[in-house]
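Same chain, two partners: subunit A is paired with subunit B first, then with subunit C.
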Partner chain A sequence: HIAMSYTALSVLKIVGDDFSRLNRKSIINALRSLQCDNGSFMPVATESENDMRFVFCACAISEMLHDWSGFDPKKAVEFIVESQSYDGGFGLRRGTEGHGGSTYCAVAALSLLGAIDSVRDRTGLIRWCISRQGDGFSGRPNKSSDSCYSFWIGATLKMLDAYDLTCPERNREFNMSCQSSFGGFGKVPEARPDLLHSYMGLCGLSLMGLDDLQKIDPVFGFGVRAAAHDPLEHLKTTRGSKSPSS
Partner chain B sequence: RKRRRREAQRTQRGSLYFCVPPSCVASTPMTDFEVQEDKTMYPFSTNPEWSDITPLKQDDGPNPVVSILYSKRFSESMDYFRAILQKDERSPRALRLCSEIIDLNSANYTAWHFRRACLKELDSNLTEELKYVSEITLQTPKNYQLWFHRRKLVEWLNDPSLELEFTAKVLESDSKNYHVWSHRSWVNQHFNLWDGELAFTKSLLEQDLRNNSAFNHRYTVVKHTTGFTREVIQSESRFVFELITKAPNNESAWNYLRGLFDTNEFSQHDEFQRFTEDVISGTKSVHAYSFLVDILMRRKQNSDLLRAVEICKNLGSELDEIRVKYWKYVEKLIRQQIQDE
Partner chain C sequence: MHNRAKQDPSLVSEAELADRRKKIARYCRLTSKALDLRRSHTNSEDALKVCTTVLEINPEFYTMWNYRREILLSFFQSRPDDKASLCSSELDFVERSLPKNPKSYNMWHHRVWIINHDTSDLDRELDLCSRMLNLDARNFHCWDYRRFIVKKSSKSLLDEMDFTTQKIEQNFSNYSAWHYRSSLLPILFEGESLQKKLDSEFEFVMQAFYTEPSDQSAWLYHRWLLARGASHIITPIVDPRNQNSDPGDLSASDSKRAKKTLLRELSVCAELLEEEPNCKWVILTTALLTSAAHQIGHISSEVLAEKLKAYFLQLKKLDPLRSMYYDDF
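Now for the complex of A and B:
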């Protein structure tokens, strides 16, 4: 499952593995059978849904292994670009509602593809992201704040160099109010804490830079230390570029 | 007591929020419970129907980390499922086993896939299967696998006749469920079923004019049917004007209006501007001001651009303080535009 591959590789980076036991070729070859005609990705080769989540996974995997031969990047970019909604956010696929999660996946994937300039309406995207802030951030217009969007939207703004346009103090206040009395974060104040919101809530706090937390790489969603751990660095083609086409 | 625990588990699962990427893991019950006491096959070890199967334990290797505290029922059910998978046994009991696994973890994509394999092999009644999916949708309406499974069934049956009514029903409990709108959109496009869609979005917006999903669906419907012709933009903008008049600071409505404005082909800027100025004269709507800035930025005359700058200053200092840095950034963009002109 492409999301499991992404997660597994991320964990290996985090714990400092040397990647020597990975069958890298097979991972990359698998991506070929997962890309759809429209550029999107399925998570498993037996038929399944396909959308922006897995486009991100494919790009993150390719970057972590420094091997972009597994899929057609042009088609992937096209799929992403077409998924921008009239309101500036990105949906899971074309025509669907702009949503914080899919927006993160879209922008992170474009960053990895070196194609962030392909966004049709960058101004609208920034406006949409900035408008997501109530106290914390919501995932869609007219929905309430949810701690995990402090990462999904926060990271997106970081990648667009527009994070400084947010109000981190209010954002922090909200996230902290989502912390339960016995630890962990829930999606909203008083909500039961869960792993996802604890993870995302902490990442969001890290982005704010107001607490003593390790820095988070906005593209990958884990620490910069782990992101910098690159056992396959010698395979990187162009220095400083994540683009397969450069 | 068992029933109360059952209900508690249902509520917990139903209310668990699944954020979009890339999570697909559902909760695992910590306690044993039976959904339908007469229908479950657990415990398998004492069930004569399963006496021929050797359960296959989960192999987490010699040093498992972060092991999940599975319930006895979960472990045993999965042990028998693994055995059936290994055998690739696509039988009626395998189909029932899939139901058990799905009940324990509705995000188990392998169970859903194998279920489809069994359905095909057994040439099962897909209409009955659709009923099954519909039933569990009410328990876990935000599950990706479930909605994909439904899509496959509808495809195989080549029959969308229940879909519009069903999606409308699910939207009654959560009018913004992303999966539901997505499925409905798919039905519209795959079967070219557009009659009544505009009216449907209208009725949803009558219930809640802040329903962002309904606005998005409306945009998609127009795009796929009439397209954004001059006449359509006119009628759509009238429609949105009415909604804005009722709630002048509704971001979803203003976004939709901006969407119409951005189709760019027809310069109805005057009408849009007139309406926006009207709103502002009555209410200090942040979104109205924001839209006005966009209109003025299109105009390119110095006087318009300077006015846009003033609006940004007002938004940042007074009306939309949380976004003060953003409005300073927009102001900078406009000043840059003034310089460039």
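Now for the complex of A and C:
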């Protein structure tokens, strides 16, 4: 499952693995059978759903392995760009509602593809993200704040160089109020804590820069130390056949 | 609804712990059995039963849904006459399971897969969508599924437009309905018919923002209508980098119509502003339209500067969370 491949590689990076036991070629080849005609990605090679989540996974995998030969990046960019909604946010695919999760996936994927300038309505996108701030951040208009969007939306704004337009103090207040007295973060104050909101809530706090937390790489969603750990650095090219923009 | 942690989750009685361990052991046994069956390519009724039991406990185990589809595909081949009834029971199964997690990607996708095999009762699907949307008007899985069914059934998109009208009239802050409307409008209308339709859309959205001026849904739709009706004027204001202000392809009558629309909307907003001087959305929209009025030579630079200064000062006071954003203007 493409999301499991992405997560597995991320974990390996975080723990400082040297990637020597990976069958890199088969991972990249698998991506070929996962890309759809319209540029989107399925998670598994049998008939399945396809959407922005898996586009991001494909891009993150390719970047971590420094091998972009597994899919057609132009089609992927086209799919992403077409998924921007009338109000500036990105949906899971064309015609769907803009949502914090899919917006993050879209912008992070475009960053990895070196194609963030392809966004048709950048000001609309920034405006949409900024409008998500209430006490914390919500995932869509007219929805309540949820601690995980401090990452999804926060990271998106970081990638767009517009994070300074937010109000981090208020955001921090909200996230902290989601902290359970038993440990961990829930989605809203007094909610049962769970791993997802603990992870995203902490990442969100790190982005705010107001607490003594390790810096997070907004594109990957884990620490900069881990993001910098690159056992395949010798494969990295800025130009050439292995990079997405060629 | 999220779970409320009323007490320390780790303070559990021995009896409850024992019960949990029993449930976990059972679940592990079942999943092991299911995965063994799959590994041996067993596509039998028993396998389907095991699969069903696992999914009843945990509908998020995606591998089980994949296995389920493999079993069904083999049944479709070996028992083609049963295909319709098999599909119908699958739809029953998903419908029973959906309340556990109405936002489950897995379950909605399985339904899509079934419908791709059997489209005999699409009305049932539309009915399901209506019921699920009554429970949660913002369930985007359900909205996406509805769009999929509409496409399959070649239901009239004009009827869908009416559906969004109904939903919006039920609740003006149904953002998902406004969104759907925005995607239908350009498909249903273009050119001259779009321009005519825009006038009635402006009427419709005005009713919404007059009734609930503090709800953003209507305002965002309104902003979008403005951009559709007069993009050559609106776009450069909103995005100064995009100097797409050449109305080259625009006919004289279209250009005249765009100006008329902008000035009409400015007057509507200015009137509302008198009744709602502290409503952020009214001020923001009035600011946008005032800039547009300046673009078309209707007001001078001096008046524009004075008005915008006042509007943005007010906005910073009313909406301090976005103070930095307003400063950026």
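Here, the second predicted complex is superposed on the first by the 240 of 246 C-alpha atoms of A that agree within 3 Å, B and C clash if a C-alpha of one lies under 4 Å from a C-alpha of the other, contacts with A are read in each partner's own complex, and residues count from 1 in each chain.
Following the convention adopted for this analysis, a residue touches a chain if its C-beta (ideal position, glycine included) is under 8 Å from a C-beta of that chain, and two chains touch if they have at least 3 such contacts.
Computed from a predicted model, the values in this text were never measured in an experiment.
Participant: Put the two structures on top of each other at subunit A: do subunit B and subunit C fit, or clash?
Facilitator: After superposition on subunit A, which the two structures share, subunit B runs into subunit C.
Participant: Applying the touch criterion given at the start, work out whether A:F182 contacts subunit B, subunit C, both or neither, answering first, second, both or neither.
Facilitator: Only subunit C; A:F182 stays clear of subunit B.
Participant: Can A:M200 be said to touch subunit B (first), subunit C (second), both, or neither?
Facilitator: A:M200 sits against subunit B, while subunit C stays out of touch.
Participant: State whether A:R122 touches subunit B only (first), subunit C only (second), both chains, or neither.
Facilitator: A:R122: touches subunit C, not subunit B.
Participant: Which partner does A:T166 contact after superposing on A: first (subunit B), second (subunit C), both, neither?
Facilitator: So A:T166 meets both subunit B and subunit C here.
Participant: Just checking: does A:T7 make contact with subunit B only, subunit C only, both, or neither of them? Give me first, second, both or neither.
Facilitator: first
Participant: If you count the residues of subunit A that each partner touches, which comes out higher, subunit B or subunit C?
Facilitator: B
Participant: In the overlaid three-chain picture, which partner chain does A:C148 touch, first (subunit B) or second (subunit C), both, or neither?
Facilitator: So A:C148 only meets subunit B here.
Participant: Quick check for you: in the superposed arrangement, does A:G101 touch first (subunit B), second (subunit C), both or neither?
Facilitator: First partner only.
Participant: Mind working out whether A:C57 is in touch with subunit B, subunit C, both or neither, as first, second, both or neither?
Facilitator: After superposition on chain A, A:C57 lies in contact with subunit B alone.
Participant: Between the stretches 7-15, 61-69 or 241-249, which region of subunit C is in steric conflict with subunit B after the superposition?
Facilitator: Between subunit C and subunit B, the clashing stretch is 61-69.
Participant: Give me the intersection of subunit A's contacts with subunit B and its contacts with subunit C, in residue numbers.
Facilitator: Comparing the two interfaces on subunit A, one with subunit B and one with subunit C, the shared residues are 1, 44, 46-49, 85-87, 92, 95-99, 121, 123, 127, 130-131, 133, 140-143, 164-167, 170, 187.
Participant: If you look only at subunit A, which of its residues touch subunit C in the complex?
Facilitator: 1, 44, 46-49, 85-87, 92, 95-99, 121-124, 127, 130-131, 133-134, 140-143, 164-167, 170, 180-182, 186-188, 190-193
Participant: For subunit C, which residues are in contact with subunit A within the complex?
Facilitator: Those residues of subunit C that touch subunit A are 2-5, 8-10, 62, 66, 69, 105, 109, 112-113, 138, 140, 143-144, 147, 173, 175-176, 179, 182-183, 215-217, 220, 224, 238-239, 241, 320-325, 328.
Participant: Which part of subunit B faces subunit A closely enough to touch in the complex?
Facilitator: Residues of subunit B touching subunit A: 16-17, 19-24, 109, 113, 144, 147-148, 151-152, 176, 178, 181-182, 185, 210-213, 216, 219-220, 223, 250-252, 255-256, 258-259, 262, 290, 322-326, 329, 333.
Participant: Contact residues on subunit A for subunit B in the complex?
Facilitator: Checking each residue of subunit A against subunit B gives 1-3, 6-7, 43-44, 46-49, 52-54, 56-57, 85-88, 91-92, 95-102, 104-105, 121, 123, 126-127, 130-131, 133, 139-143, 146, 148, 152, 162, 164-167, 170, 187, 194, 196-197, 200.
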